[in-house]
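Got some structures for you, see below.
Consider the two complexes below, in which chain A is the common component and chain B and chain C are the respective partners.
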Partner chain A sequence: MTIVAHQKAAKPLRKRIADASEPYLYSAPALILIVTVMLVPLVLGISYAFRDIQLLNPFSGGFIGLDHFRALSEDQAFFRALRNTLWWTGASVFLQFFFGLILALLLDKPFAGRGLAQALVFLPWAVPSFLAGLNWAWLFNPVIGPLPHWMYALGIMDAPNNILSDPHLAMWGPIVANVWWGIPFFAITLLAALQAIPRDLYEAASIDGAGPVQRFLSITLPFLAPTIAITILLRTVWISNFADLIVVMTNGGPADRTQIVASYIFTQAFKRLDFGYASAIALVLLVLLLAYSMLIVVLRQTLLNKG
Partner chain B sequence: MRTSKLLLTVAHRLAILAYIVVALFPLFWLLKVSVTPNDLLYSEGVRMWPSRATFEHYTFVIAHSAFPTFFKNSLIVAGSTAVAVTILASLAGYAMSRFNFRAKYWIVALLLITQMFPLVMLVAPIFKMLSPLGLTNSLTGLVIVYTAFNVPFATFLMQSFFDGIPKDLEEAAMIDGATQFVAFRQIILPLTLPGIAATLGFVFTAAWSELLFALMLISGNDAATFPVGLLTFVSKFSVDFGQMMAAGILALIPACLFFLLIQRYLVQGLTAGAVKG
Partner chain C sequence: MASIDIQSIRKSFGAFPVLHGVDLTIRDGEFIVLVGPSGCGKSTLLRMIAGLEDVTSGDIRIDGKRVNDLAPKDRDIAMVFQSYALYPHMSVADNMSYSLRLRRSTKEKIASAVGGAAAKLGLEPLLERRPKALSGGQRQRVAMGRAIVRQPKAFLFDEPLSNLDARLREQMRAEIKKLHGDLRATSIYVTHDQIEAMTLADRIVAMHGGIVQQVGSPLELYDRPANLFVAGFIGSPGMNFFEGRYLVSGDHADLRLPNGTTMPVRKRDGVESGSAATLGIRPEHVILADNGALEAKVDLIEPTGFGIIMHVTIHGIPMKIFSQDRRMLKPGPTIRVDLPQDKLHLFESDGKRVD
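And then the complex of A and B:
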């Protein structure tokens, strides 16, 4: 023991520095990139929220304090976007989780051709989001898509119209596309968690006479709970920031009925080139999402402490 | 008992089949419209397959539109991003997996933070930062941005693959006199090939699909990637559905190929991570 310690101390200084710096050398390239391309812009973005930054106006750039936030508090379009975000995120996450969990349970059972089935049902995840959006927009279009005609034939709709142009139904378009696209994500993570559950637990339970429902409630669900909590948290944050499908399918319309906060930010930055106001909205969204994440983490902690 | 078991099996297969049909139907429809001749497009609108199929939309898109340029640009951007991210993430993931160092927790925290905030928030600042450098409207600019966005998750992914490889392997090599970097390159990396494939594929599809930053940073046709090209195409010529869907199918091919190759490893990697956590 002492000999080893002695040898360690006797290593030349240069070697010791080289050893200590080795992990930093491995991670430095990635870190430098992340800091310059993500962290610096993040700080800049926060500062833009308090400045007047319009791309086409060379006289802009001055600090204006809380003006953007004052304007925001009176911006009806923003509050509508906030309500739409709740609806969009809640419905998408719930349906993705529900169908994803069922799929994961189905795939957890071994059967012939499971590999192929798995590859096929996970395929929507590989479809680029813009293409998924366009694809569903086309499916909802009565001119070339079958969905309006099917819904008409089933009596769900009075006439084969495009739901994307109906202010009351339009939000369902992007939600359906999002659910289709996002089921694989939940299924993949939940399947991975399912496969990590020790099989002998199930055997022991069935020897003790537990039925399938009982086994699911007392073994599967508790084992999955941490994964479910973390994936739902991540997905909620991610989906409320996810503007692609809406930008592609409806561009916020008709009459702003599908405008969510993320797409509203994009409209402000991209179409009006008002970067200051866009950053102010983004900052509000960031604070709301942080508050939500904290709430979930605290809730999970109290639940864990109780149990 | 036996019949109920049989019924259960049948129900299980039917449920799987329903999922497959729902997953594939939109893509099938894309394919169907892309091979429907223009004169049948409306008259056979809801038929499952046109009475006469054609490849004219594909030949038109390939020969007479800007899509080959978009395709090439997207390949360059997604390919370079995938390679760059995989190299950076392997190095960083290896450090996270094999070393215990003081800043490790700070680095993990930094990587997690980057996953938390809305990326839309970076649209404006990144545009302002890149334009004086001449990196807007350039593929290099896109590659840099996409690489940074994808490195954090890829690092976690690579770390979980490295964690699955026993430490003794490189310890043995180092006793034989190899430096840790040599051991990493010659012993550990080859063993992580499935992980590297998964990371490459994952990042490739992510970069292939990215829309918002491409829309913001690219304005001309010359540097447009597929999403931007297709979207401008849609808003300009929203009448020619056959050509658009042919272009869509072409855009789908590389992403799906990559995905089919790697999806097995992706579940494996996540399982390894789940077991550990």
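And then the complex of A and C:
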């Protein structure tokens, strides 16, 4: 009798503990992995922003509070990089979207050899960005590339110079390379959205009397709007963080004319080896992009609710 | 409103022909139903009239004017799609007024046209809603409303009721008929449902394999099907067929079945004795009689409530009988039946009807 009573009292307690810890035990492997590979570096990186960490200075590493941010607020190179980032991101996203949409609309219509054309169009996406940057840098180089000579022959340029070394034009080099490289992303996503539009709607509209432009405005565009919003949001965040092409093609030069925030961070961290300052800049960029993303998400939500 | 004239229309998709020369004259205000099994070319014909498919050869005239090369919007027709094809981001009112807005009608005219159509279809409480907030039946109504606001020359319906459940389909069928009674607009209606065809049509165009099989009033097609296809397609449950040889002996004629038994038929002129022929009778025309001439083995009983469908075998040939006699729910293993002479249809070996 006593044994039974003892067991009755003990079992629920052990079982309660087991029950309570069960979900944590199940999720522990995934949680531990996420915390170690994502949260720890993030927290560490953020903490660098408030510490003096210079690889070449063995006495650095101390906590310095907001000193980096005070320095940043007076850093003209940073503000120039911020303006360049806006220019770089805006032009790249707009042109990628514009040409991507045109390409998607063209590929949506059936024609002979469409399969091959689609495959070719999506090819740049498969090229590593590093390779794409080198390739375009060579194309712009008058010694080995044809582009300056063509532009000279067309009268666009006064002389077959390398635009990458012209402070006023240098930014166009990486932008052109970026547009070439990023068009497939918009073409693929927009084409997928286009093909999801029921054909009946176009037929009904053509019977109702809508011409091609009206059909585009009153059927295609409303159907694409959610996709456009989300792809532009994604691309904006990616491109403003995307320093590969600039580092490869111009390395921020000439005279910092192509320095964007992302490449400035790269320069600070890996050229001047000032990890603390680089982290502070990265933190500012993170906050700006978060604010931008929230804005777009809210905008999209209100549009969807209205729609 | 207008007449529609179709002259030797052909259509091929690549090298694959789907319509082999269709001729059809549709009078002003007539309700025409194109009916046939899937792939018979009925939808293609409708889409050609709408201008959504190119005409391979032949002429389409609306109100006397050749429209082969006109864009859909210039043909002054309206179409109701099977999927309804409502613009999802527009309200019901905007959906209905879209065509008028594109034609730059005045605000007052649009409001009165939309209001009139909405009143006719009972859509007034739904005008501000989006299509996704509507039920299937309501969407169907909006699609019809969108068609009637413009007062086009002709209405084209492409299986408009196929996506509705049976009860709603019945209801909308009656509404379409009522609407046509009010508007008297020339209408072409495509369906594979023969009940819709029978109930709605002034004239039915039965199609099969890209060829018009018969054009006529619903009862003409039911009473005097022009060929085996129409005979088998119109009517539910379908007509029973007996294949055999038509033999004349003196004043009367017989159909001899493959197993050697004969069935007496009325003698017809122009059919050679000894030629292959098919005899047809509708399940509802078979008479159940204790002293009937034929013995039928009962295989299966299907009660429908309205009547009973009996699957039987006569002379080794399966056939169906429709009866409203409740005693037939529990028949014996065999019953006796008569096939009344005046209800028998005879078809020649090429499938054509002989009277």
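By definition in this document, the second predicted complex is superposed on the first by the 267 of 307 C-alpha atoms of A that agree within 3 Å, B and C clash if a C-alpha of one lies under 4 Å from a C-alpha of the other, contacts with A are read in each partner's own complex, and residues count from 1 in each chain.
Just so it is clear, contacts are C-beta pairs under 8 Å (C-beta built on N, C-alpha and C of every residue); 3 or more make two chains touch, one makes a residue touch a chain.
Remember, predicted model here, so these are calculated numbers, not experimental data.
K.L.:
Aligned on chain A, chain B and chain C: do they clash or fit?
P.N.:
fit
K.L.:
Does the superposition put A:Asn135 against chain B (first), chain C (second), both, or neither?
P.N.:
Once the two structures are laid over each other on A, A:Asn135 reaches chain B alone.
K.L.:
Between chain B (first) and chain C (second), which does A:Phe270 come into contact with in this model arrangement: first, second, both, or neither?
P.N.:
first
K.L.:
Would you sort A:Asp200 into first (chain B), second (chain C), both or neither based on which partner it touches?
P.N.:
Touch partner of A:Asp200: chain C, not chain B.
K.L.:
Going by the contact rule set out at the top, does A:Gly61 touch chain B (first), chain C (second), both, or neither?
P.N.:
neither
K.L.:
Just checking: does A:His149 make contact with chain B only, chain C only, both, or neither of them? Give me first, second, both or neither.
P.N.:
first
K.L.:
See if chain A has more residues touched by chain B or by chain C, and give me that chain.
P.N.:
Of the two chains, more chain A residues are contacted by B.
K.L.:
I'd like to know which partner A:Pro167 touches here: chain B for first, chain C for second, both or neither.
P.N.:
A:Pro167 sits against neither chain B nor chain C.
K.L.:
With both complexes placed on chain A, how many Å separate the closest C-alpha atoms of chain B and chain C?
P.N.:
When the complexes share the chain A frame, the smallest chain B-chain C C-alpha distance is 7 Å.
K.L.:
Over in the complex, which chain A residues touch chain B? Could you list them?
P.N.:
Where chain A meets chain B, its residues are 20, 22-24, 26-27, 29-31, 33-42, 44-45, 48, 53, 55, 102-103, 106-107, 109, 111, 115, 117-132, 134-136, 138-139, 143-146, 149, 180, 183-184, 188-189, 191-193, 195-196, 227, 234, 237, 240-241, 243-244, 247-248, 262, 265-266, 269-270, 275, 278-279, 282-283, 285-286, 289-290, 293.
K.L.:
Can you tell me which positions in chain A touch chain C when the two form their complex?
P.N.:
198, 200-201, 203-211, 214, 218-219, 222-223, 307
K.L.:
Within the complex, which stretch of chain B touches chain A?
P.N.:
Residues 12-13, 15-16, 19-20, 22-24, 26-27, 29-30, 33, 41-42, 45-46, 88-89, 91-92, 94-96, 98-99, 101, 103-104, 107, 110-111, 114-129, 144-145, 147-149, 151-152, 155, 180, 205, 208-209, 211-212, 215-216, 226-227, 230-231, 234, 241, 244-245, 248, 251-252, 255-256, 258-260, 263-264, 266-267, 270-271, 273-275 of chain B touch chain A in their complex.
K.L.:
Spell out the residues on chain C that touch chain A in their complex, using ranges where they run on.
P.N.:
Within the complex, chain C contacts chain A at residues 50-52, 71-73, 77-79, 81, 83, 85, 87-90, 98-99, 102-103, 146.
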